[in-house]
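Below are two complexes that have chain A in common, paired first with chain B and then with chain C.
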Partner chain A sequence: MSAHAVTVKEQDKRLISSRSQPYVYFKVKLTIENEDTSQMTDVVYKFLITKAVAETLGEVGAAICVDLLKLFGNGVSIIRVPSSHSEKLWAALTLYGTTPAQARCAFRVLQVSSFLMGLAFDTTEHS
Partner chain B sequence: MAASIRHSIKSSTLQYETLSTNDSKQRDVAKIRDHFFNFGVTLILPGVNTVPNQILECLTDQLSYKLEKLPIYHLLEIPFIQAFVKRGAIHLMSVNRRLHTNDTVVLTPSGILILTLTKDTYEQLGLEAEKQNHIHHQNKTFVVKINLLERAFHPGKKGYDRTLWCLKDRLDLVFDCLISWDPHDKKLCSSSVGVYFMEKCHQVTRIDLKKASRNFTSLPCPKLDAKDPEGSEIGCQFNEFFEWMGALACDIQLRPEDASQDNFVTTMSCPELVTNLPRCCVFQASGFLTSNTILQVWRALREHTSQNESYPTSLTVHGFNDCPVNKKSESHYYYVTGDNIYSLVLLPEGMCCIYTATGF
Partner chain C sequence: MALPSYSDLNILGESGEKLTDIIDLSIELGFERVAVNNFVANLKGGKGKKQTEKIAVSPPSEILLNEKSLASLQLNGKTFEQLSRITVVLQDDTNIPRLGGSDIQAYDILAVQPTTEATFKLACQTLDIDIISFNFAEKIGFSHKRSLLNAAAKRGIYFEILYGPALINNVVKRQTISNAMSLVNVCLGKNIILSSGAEYPSTLRSPMDVFNLARLFGLSYPQAKDAISGNCRAVLKHAASRKTCKSVISVKAATALSQKEQWLLNKEYCDPDSSVEGDESEENDGDESEENDDLENDFESNEPKKKKIKIS
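For the complex of A and B:
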């Protein structure tokens, strides 16, 4: 349990407020020049994320535990990372531009949330 | 800049509250009533294959509209205040706007028009803002609140005339807005508000709710001990349970813990101490939902659940990330995450818990 959690307990009421969340969740879209990402497997997708992190942060940085939770058909994915490493992952994905096969590519961060529930909808949909 | 981003991701708050389903203060109902602007709902319904009709019926009555290029001074006109603000609960909020970088507007059911303005717009407008808190001060945003139901707010009074002049002649503010109206008198039709704005803005479009449901069989479901939500021998931690609900909402399949430990793609697993749900239905609806509609869904859900209490049933309400208010008229902020969510979970043994997730 988080060190920042505050607990108030009464007879039938219990209130916990946690200000430090263990993970950050990203919704990311990968596009590769002249390539269809809809057929990509989750293993290849995860490999590209690991390459992106290794390229920016080196082998030690690549040891960050990044979980690929869901891969949608259009190159969009949901990724989970410990919150202490979230900025590093965000930077690495943004800076990554060429796949190992020398094709130009880009990771675009679509949504960020400290809760997985936060990525269930895109509330800018009415735009 | 980097320091600000780090600070803002870590400023997300998850609040957990336990109460009895027969709570004398009805905190569950208060929670719903205080959250005016809702984008969508996620329902987790164990033990069923289809969404019960009594829940679906709650979502059919409400009418919502998108108003394009609405000059904001139309909201100050007396016919609008008399016909809609005083005779029902009006919900209006701007869309296509980024909170903290653009101007935004909301009109709450309590008749308060809240303009969240950038420094440039505020200085040109000439209306007095509320005292800035430290976040508004940091972002150089100004909040102007106008009470449309104030007794002295009518033509001929200095305050009304000046407000109208500022919004109409001095700075013609135009927004794309979502609007919905729940009339106090049930004989009136809530479509009247759409008709009223037909000639006052560029275009009026009806918003239809998008609905989707998914069925699961043999689904692992973690146990949550309402009396000890920080983890015990018979239940998982409350934040792990919230993550499990999020996984269902995002259609993510969770593996048992043993199978995930050495997995290359993901190490995420279902929290320990699981029960097996033979059947479960996840229903999602999105569009623009008023607090009254959510309340009807909650009551229908409670009625449905009273027959089947052995598994946790939940209603999650997703607010707009770019909405300048969350609880009543309290400010909401969006710098990186902007989460604006709450969940009501009905647990076995007559217990209920409320999750409130707020980001920055």
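For the complex of A and C:
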């Protein structure tokens, strides 16, 4: 993020904050082998996230406040994480490989942004 | 700056439906270069062995993409490169003579996995290989010495961290993270590549996930990026240089040339492709060495030939 505070006129003053934002938003896709994730309830989804974090970061890590903001039908969700822990938490999601039912699964992070609006459009997808 | 092309230089598996699935997924995730790995646990080389006892190394396989994934590639205007790689476990030095064999050299990338200190030293200092891989799932029985790692880095060999096995259970995960961190610590984050070692599609992670994982292992931002893009390309260049014939180029500063040798700087003579105007262009048809001799006779007829720039 570049920090520029451009003052053009007093009425259309534009401010871009340079300080780090309190939260980081992730767009995550969960895939479970031989299982349909489209019917998954948000309770189960949140449980798997907590499980993933607890497995790598332990109980202290699981205490990090992760909010499931929106669960789309196809296993894609938007989660909100405090930015101070976002890197470790992302790694914990990446390193989660098997569900409690011993099925292979994968959390793949599709997009990351410190603003929720940033997830509205995916620049890596042109098609 | 060109966009980085993400690579995964280790996808396990024999040809089949599963492998096609992995490759399709890797395209979908944004990888542009993938190497299919043939893992050989024991080559069973050695002098005393009969030919029949030796394990036959299957030739590298080519996996054809199906219509659908090919169409989506063309739609996005992306390229996809498929490579073959062989990884040989080195328990002792009996297998080493076989590494030069044509069946193993047929692979694009040659990697070894040393299990003892002696073979690790050998791999770093003398063997003609591209990647040194470790079995991170277990405790490595030897220490990564900085002098050895530096020697390997100087020869253009890269070290591989596999994250695939870490996804299976917690003990392996812990072991992988600690081994990877100690490796990164010793070699200061240079000459490291990250690859999946995926056996199943669900083992594969997207490039940005791997990037963040590299950060966890202690790499800096540019190093983490290199670990999945730039360093992988360097591995390929190193592998390509292993296959081309040996050549030598001598380089001399232009200012160090004597007055009599200044003609070498003349662009017409330096660049064999550039068309030379006038009578000389007709002389170009002749043998190149002959032409050189002619020129030298023209310009330094009184001087004995001191130096000849030869590029073979």
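Note that the second predicted complex is superposed on the first by the 109 of 127 C-alpha atoms of A that agree within 3 Å, B and C clash if a C-alpha of one lies under 4 Å from a C-alpha of the other, contacts with A are read in each partner's own complex, and residues count from 1 in each chain.
Following the convention adopted for this analysis, a contact is a pair of C-beta atoms (placed from the backbone, for glycine too) under 8 Å apart; a residue touches a chain by one contact, two chains touch by 3 or more.
Just so it is clear, the model here is predicted, and its values are computed rather than measured.
Q: Touching A:K88, do we find chain B (first), chain C (second), both, or neither?
A: second
Q: Thinking of the overlay built on chain A, is A:V112 touched by chain B (first), by chain C (second), by both, or by neither?
A: both
Q: Contacts for A:G97 in the overlay, against chain B (first) and chain C (second): which applies, first, second, both or neither?
A: second
Q: Considering only touches as defined above, state whether A:L68 meets chain B (first), chain C (second), both or neither.
A: In the superposed model, A:L68 contacts chain B only, not chain C.
Q: So in the superposed three-chain picture, is A:R80 touching just chain B, just chain C, both, or none of them (first/second/both/neither)?
A: First partner only.
Q: Contact-wise, after the overlay, does A:E33 reach chain B, chain C, both or neither (first, second, both, neither)?
A: A:E33 sits against chain C, while chain B stays out of touch.
Q: Is A:R19 contacted by the first partner chain B, the second partner chain C, both or neither?
A: First partner only.
Q: Which partner, once the models are overlaid, touches more of chain A's residues, chain C or chain B?
A: Comparing touch counts on chain A for chain B and chain C gives B.
Q: I'd like to check the shared interface: which positions of chain A are touched by both chain B and chain C across the two complexes?
A: Correct list for chain A: 87, 112, 124, 126-127.
Q: Applying the document's contact rule, which stretches of chain C touch chain A when the two form their complex?
A: The contact residues of chain C facing chain A are 29-30, 72, 75-76, 163, 166-170, 173, 200-206, 208-210, 212-213, 215-216.
Q: Under the definition above, what is the set of chain A residues touching chain C in their complex?
A: 31-33, 55-56, 87-88, 90-91, 94-98, 104-106, 108-110, 112, 124, 126-127
Q: Enumerate the contact residues on chain B facing chain A in the complex.
A: Against chain A, chain B makes touches at 2, 5-6, 9-20, 23, 39-40, 42, 66, 95-96, 178, 207, 226-227, 229-231, 237-239, 242-243, 245-247, 249-252, 264-268, 284, 286, 288, 316, 318-322, 336-337, 339-341, 343, 357, 359.
Q: Residue numbers of chain A touching chain B in their complex, please.
A: 1, 5, 7, 12-24, 42-43, 46, 65, 67-70, 78, 80, 83, 86-87, 112-121, 123-127
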